[in-house]
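This is the structure I want to talk about, given as structure tokens.
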């Protein structure tokens, strides 16, 4: 059995948003018990991560790490049409994930205690981001 | 229902190749309507990315970014048996994806407007690269 | 059909462990022939990679690469509660994979000749790491 839905998230510019509860709600409402949740972002400048969910400085540090690794306005880049955060956003997307594939059982995601699902907006300004959630199993 | 096929791509040395149409053709020919396409590369020095599909400088910039991050002939590396691009190719593969998992509906991949599927050859010379495409759904 | 199992691996501190045979055994014991194996790590400081399986210096070099890219005790980080390897372990996890999705056929993983599945412990000390293996197919 397959259940497929769209989820739209409005971001407020660069940063992470915890979407674990949104996904768990879709799993518990699906009527499925055991299977895999595929979470897919339809963009090339926003991505998904599984990350420590308790201390927000983990995500601040990740942001700082990425800013050092792939700074906005890097003179290396030629693709600058949409501003200094354009190409760095593409690189950050490539280095993280466009889809996550997470097992569930008893209609709950089988995440570890400290794992949260985060949508990571890589552009400076907020966007409406579209995700496809596909659940398959029994 | 599961449909599994092999796809072989001849690369012309380091660089990206858009394989979106190849995958969409397999999806539309599969007889499946809704599900997930798993695209898997059977190599450790070539990988997959979902990337901006309109402006080719995005991929030139990605190549430049990787060349700075993990240069060929890096004195850090001991695994140099097959030349200066050997270990850098392994690192680039690890930092990107060996498999992509993309939802489809109405027998079409649910990609965003700007998303393309690219095979990324990380070795200097061309190779024959083997991919396994597994489609599952209804 | 879906078969889901837990696999626990005791690590001996930072480094990689080849778990290919463990996963292949679960596939061959599952009764399934064709499908996808989802391997999921329930932690935010250990991850999975598909990596060259013949020459161990590939993994030594990967370790050296990560130590240069995201060194322990990096003054950039604020999340240092559990020691100098805490935040670097989270970054390494984000840059690699929390899940792998590998096709199988005739009850064998369709890995390339040089591909091995490795669990990568990113903390200095050993831990008990829990993985969920979900196999689905025919």
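Per-chain residue numbering starts at 1, and chain names A, B and C are given in the order in which the chains are listed.
Quick note on the criterion: a contact is a pair of C-beta atoms (placed from the backbone, for glycine too) under 8 Å apart; a residue touches a chain by one contact, two chains touch by 3 or more.
Bear in mind the structure is a predicted one, so any value in this text is a computation, not a measurement.
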Check the residue numbers that chain A and chain B use where they touch, and answer same if over half are used by both copies, otherwise different. different
The C-alpha superposition of chain B onto chain C, two copies of one sequence, needs a rotation in degrees (nearest 5) of 120
How big is the gap, in whole Å, between where the Cα atoms of chain A centre and where those of chain B centre? 20
What are the residue numbers in chain C that touch two or more other chains? 69, 95, 101, 136
As the complex stands, chain A meets chain C at residues 34-36, 49-52, 55, 57-58, 60-62, 64-65, 68-69, 95-96, 100-103, 105, 110-112, 114-115, 136-138
Spell out the residues on chain C that touch chain A in their complex, using ranges where they run on. 2, 4, 38, 40-44, 69-70, 76-79, 81, 87, 90-91, 93-95, 98-99, 101, 130, 132, 134, 136
